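The two complexes that follow have chain A in common; it is paired with chain B in the first and with chain C in the second.
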Partner chain A sequence: MGDKKKKGKSRRDKGRDRAFLFFTAPGFILYSFFFIMPVLMGFYYSATDWDGISKNYNFIGFDNYVKIFRTGQFTDALFFTIKYTVLLVVLTIVLGLAIAMLLNRKIKGRTFFRGIYFIPAVLSSLTVGLIFNKICYYIIPVIGKALHIHALSQNPLADKNLAMWTILFVNLWQGLCIPTLLFLAGLQSVPTDLYDGAALDGASAWDIFRYITIPFILPVVSVVFVLTLKGGLMVFDYIKAMTEGGPGSSTRSVAMLIYKHGFTQNKYAFAIAEAIFMGLVVAAISAVQIYFTNKKKAV
Partner chain B sequence: MVEGRKQNNVLTYIILILGILLIILPLYVTFVTALKSDAQSSKSFFTLPIPIYLESFKEILSSERYWRAFINTVYITAIVLAGNIVIMPAMSYAVARKMPVSTAYRLVYYFLLLGIFIPFQVKMMPLVKLLSALNMMNPTGLAILCISSSTCESVFLFVGYMGAIPPDMEEAAWIDGAGTLRTYSSVVFPLLKPMLATVLIKQGLWIWNDFMLPLITLNKGWQDWTLTLFQYNFQTEYSVNYSLTFATFVASMLPLLIFYCFMQKAIIGGLTSGAVKS
Partner chain C sequence: MKFKKLSAVMAALLAASSLLVACGGNSGGQDASGSEPENAAADETETESESEGEGQEAAASGDEVTLELLLTKTEIVDVMEQIAAKFCEENPGVKIDVTSTSDGATLVRTRAASNDLPDIMNTYPAEDFYKDMFRDGYFEDITDAEYLGKVNSTAMEMSNCDGNYYAVPMSLSTYGIYANMDVLEANGITETPSTWEELIADCETLKANGVTGFLLPNKDVGNVAQRFERTAGIINNDSNSEFKQIADGEMEAKDSPTLQTWCDYNEDLLNYTTDDHMGMDYDIAAAEFSNGNGAFMLSGTWMLATVQKNNPDANVELFAFPHPRGETTKVPVNIDTSFSISSTCADKEIGLKFLEFMTREDIAQMYCDADGNVSTIEGVEYNIPQHANMKTAVEEGNIFLTAVNFWPTGLREEIRDGCQMFLGDGDREAFFESSQEAIETIYADN
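Moving on, here comes the complex of A and B:
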């Protein structure tokens, strides 16, 4: 393998190979044991009817994967999660790009604005969820009543129609930080003489955006797209902190359902099948994105 | 034309300042409510804390549970970061330099990349079985687990970074007679430091703020709680008291906010640089 050039290795080369093996082994062993093995165990259990506790279980093949689509719970959660994710992705890209373009203008105090806008990114999503939970519970109704806004005169998280939008708002409050900074970095990579030239040629603002800005930031858009998509499809912390999936099951995401089935209802193997299905969706999306970015580089 | 641009700038400022209010207001309410008595807060949530009320903070800071959670969080984060410093750069060095000549190392690299595609939920439930079978449902066990989970992302970032470092300097050290370990520690490791900062910030913030892993592995008794578990369990127990509830949030956020004040540039760099490259 490594000895194509010369036949037989010197003692030093052998020592080097041994050192490299020694460097690689700890991480490789930890990763295989605590990352890949549970995944394989999951595939194995998903083909059984194990409840997670009893000693005996039977092999039932792909029955769990068929069953998850027969009960309404999973499809309802899947439908909620897809709706939530689509809204999250669209709003993140539109608002993140808009804020980044504002921050990219020649204005005073740009570092100050950036410093403040980035604060939410360092906080725990659980803390953020809990803070907004309390704000919705204690403060929003007071404001709503004072301003005579009927919709806000009670806790929006207890309202079936508003709960999802409230969670989405909180998710964006924190989740916009990193995409905005990525867009900002993308915008700053556009050579300014391109803009100047276009302005001299009398291009409209829209043309400049369409033909100069968009092509330059397209790679960033694709990164943000996938990051947000993964976050949305697996949303858990915000929902756990704010509604626990309620009211009723109106904000129950797939990750919430998996947690509930797996840890509180002893539907162990069933919950693993749900998780693996979602995992395959996420993996497929990542693979498609990587395929397309690599293709673009090759061209 | 100039007039229009000026108006545009005014509009930009107005929108950006509204955005700042939107970000600051929830944090402001959190801080002032923690510093007011419930009687003060029920008059208005938005007034400044005059007179300042410190009882809630005294209660949190004298609570054994808070300090235990704080120490557990620091402990777990420290082990994970130490593990990342010791294991990941060395492993990435070996993988990056061996990949072009060795199929085995190429396979190791692709094997590690696999992890990036697998969402946490897929391994979540078997992981709990595995940890409890090994008697690892404790902070140390969680830390070892987190090091293992960070392998794929960390190695991916380091290997990408190694690609941009020409091997000339190592080869010079090698020809001068330095061993592999020596070459690594005195030439390669220092060159990797910028990426190490990125990796440590990424991993550190992730571990410190993580909720789901502690929830499924450490929620048996308060002795094992992390700060996120402390907050979560606290608010389900004492949800009636405004001041105390918000004081727990402040006590948990403050270390992060202080860290952010001093390390802002490094943090922003750390959280954005890896994402652009991948």
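Moving on, here comes the complex of A and C:
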């Protein structure tokens, strides 16, 4: 009897496995074709001196990888990218959470504010960059002069110390929307009776945040962390639209450097080598992040 | 049973995908194998027979042949649309789709990589980038075309690639300083300066009257690069040899007369520019200049269209950039517009017909009037009063082919960051250091 049941179940299981296989296959094939293949081709081309157009090229082994550190450009760009990413991640989580908590309160016009805060997300990042480019030239200096703020009395994008912060501001202005939405959803999943209980026990606001809110939204924080990390390490469009890496090379991210070498200097294979190296850096950072996330989960 | 079917479907799918992959790999292998001429020939016959077939089909069914005309110069889109319409009128059954991009280099690169070049497009035959593509067989060889006889010999010489021709040069761009004559006249200056001292004296007069002398869009790193390249060429017509000496260690960047003069003249001009020059983009500077908020701007003949768009009443004149050390002044020229047809052109016969059409006197005249650059086609009258000085320079042969055609690929893009920093902070030592590194790196790579 039991055997029969088991057998029947396993047949059903088999059927289910097949269905799963069937559903997975198209994704797997597409992924292999559009993702794994290009990566392998990238490795192949990175060992050549291809200029991106010529029909002939030579194999030069690992020369391109050796060349990456011939000048300080890559290290400078990497340092900039990491600095930018750390700031972006920290500010996104802190500000996103703060805005989400405000929007989660029973305030007047809550739906209106929730809508308003989400608007930047529907614009393309290049458009946002170009709009702010004009704002920085026409509006910021006027405000800066009126308020006698020396630093803002000229285009902040022209100042090598302010340019990164300006780009970061624009990135946050637009990039906060989705994290805020995710945090808001996370906050709403916290059972209210826990808050009520804590309030009855006389817990302070900080204690409630620390011991009830944080544990519940930790998975969301983790998701936001990964998304923002990726966005920061690959930052390109805001910089392209606003400074093109300038003034000088003070806002040149790794993606901008790769673009410059690949598309303005015809060093296609070299740019691919740089991209692969950057890929390895991202992989290493992701490995560390996954290690810590798993550790947290185990506890 | 079901499972077998399913696995058969899966296997088929996998096989199909691997076939696709194999195809991709195969063509890559062919590319690498070095048997390129053979393949190119095979490809050509294939496309030819295809296009013939299409042509016959078109004739039989009355279908249209559609050719794409890509322009990487957005300011000529309007006139080219008119010319294309005229061409279609004279050639029933032909349709020309005019497309344009402001980021030509990237688009051409991507489309060449996917073997999807537009049927007809404007190329820059003097530049290495296009010369390499010509040699690789991306474009049709038109050396034997009769209408090339109508093109000015200087322009033909500039577009020669290993003794062959792949493009019809239509116009030469010249570079210099645009003057807003209304602004100058309002400040009592009636003539454009012809020496560096006169230029600075005019700027002093303007400054005393509270008028901006020069509009320098220094935020625009592409413009900074172009200004560096054109003026470095004016300072030393053979800048390439000088930079080569630096690359070979025979000279240091800090001792280079060209780089030193470049710094000197920019230090001069920065005294007469706006406070926010480091935050200014090219389009903003062009608009300010057109509207009389500045007297001078460094640019080439292509800017006239933009100026007139911004302010149809603008009274401007282009004059030669005077040599900052008082040596002979020559005007840098480049082939500005030239048309080529790709080897993947859907109907080469019509493509070639279009090139011929472009060299027809009335069409070339129509193009020249709208474009504003000096025409290279025989019989075309150059009626652009704003560029009269440039016409004289070209006629007198007081010109040189601009430096970018001699510099190794990427030098302009490598050196520009240092140039921009110098314009911002005036730190000469840092500029020489970054130039030294840029020159060494780029010459070593090419």
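One rule holds for everything that comes next: the second predicted complex is superposed on the first by the 240 of 299 C-alpha atoms of A that agree within 3 Å, B and C clash if a C-alpha of one lies under 4 Å from a C-alpha of the other, contacts with A are read in each partner's own complex, and residues count from 1 in each chain.
In this section, a residue touches a chain if its C-beta (ideal position, glycine included) is under 8 Å from a C-beta of that chain, and two chains touch if they have at least 3 such contacts.
Quick caveat, the model's predicted, so the values are computed rather than measured.
In the superposed model, A:37 lies in contact with both chain B and chain C.
In the superposition on chain A, A:275 contacts chain B only, with no contact to chain C. Within the superposed three-chain model, A:55 lies in touch with chain C and out of touch with chain B [touch as defined at top].
Once the two complexes are overlaid on the shared chain, A:263 sits against chain B and chain C alike.
Of the two partner chains placed by the overlay, neither chain B nor chain C lies in contact with A:151. A count of residues in chain A touched by chain B and by chain C gives the higher number to B. In the superposed pair of complexes, A:288 makes contact with neither chain B nor chain C.
In the superposition on chain A, chain A positions 21, 26, 33, 37, 41, 52, 133, 263 are in contact with chain B in one complex as well as with chain C in the other.
Residue ranges of chain A in contact with chain C, taken from their complex: 14, 18, 21-22, 25-26, 29, 32-33, 37, 41, 51-57, 70-71, 133, 136-137, 141, 154-155, 157-160, 243-249, 252, 260, 263-267. Only residues 1-2, 4, 15-16, 19-21, 23-24, 26-28, 30-31, 33-39, 41-42, 45, 52, 99, 102-103, 105, 107, 113-127, 130-135, 138-139, 142, 173, 178, 181-182, 185-186, 220, 223, 227, 230, 233-234, 236-237, 240-241, 255, 258-259, 262-263, 268, 271-272, 275-276, 278-279, 282-283, 286-287 of chain A touch chain B when the two sit together in their complex.
Note for the complex: chain B touches chain A at residues 8-9, 12-13, 15-16, 19-20, 22-24, 26-27, 29-30, 45, 87-88, 90-91, 93-95, 97-98, 101-105, 108, 111-112, 114-127, 129-130, 144-145, 147-149, 151-152, 155, 179-181, 184, 205, 208-212, 215-216, 227-228, 231-232, 235, 242, 245-246, 249, 252-253, 256-257, 259-260, 264, 267-268, 271-272, 275-276, 278.
Contact residues of chain C toward chain A in the complex are 2-3, 6, 10, 13-14, 17, 20-21, 24, 28, 31-32, 34, 36, 40, 105-106, 109, 112-113, 129, 132-133, 136-138, 218-219, 221-222, 275-276, 278-281, 284, 409-410, 413-414, 417-418, 420-421, 424, 437, 441-442, 445.
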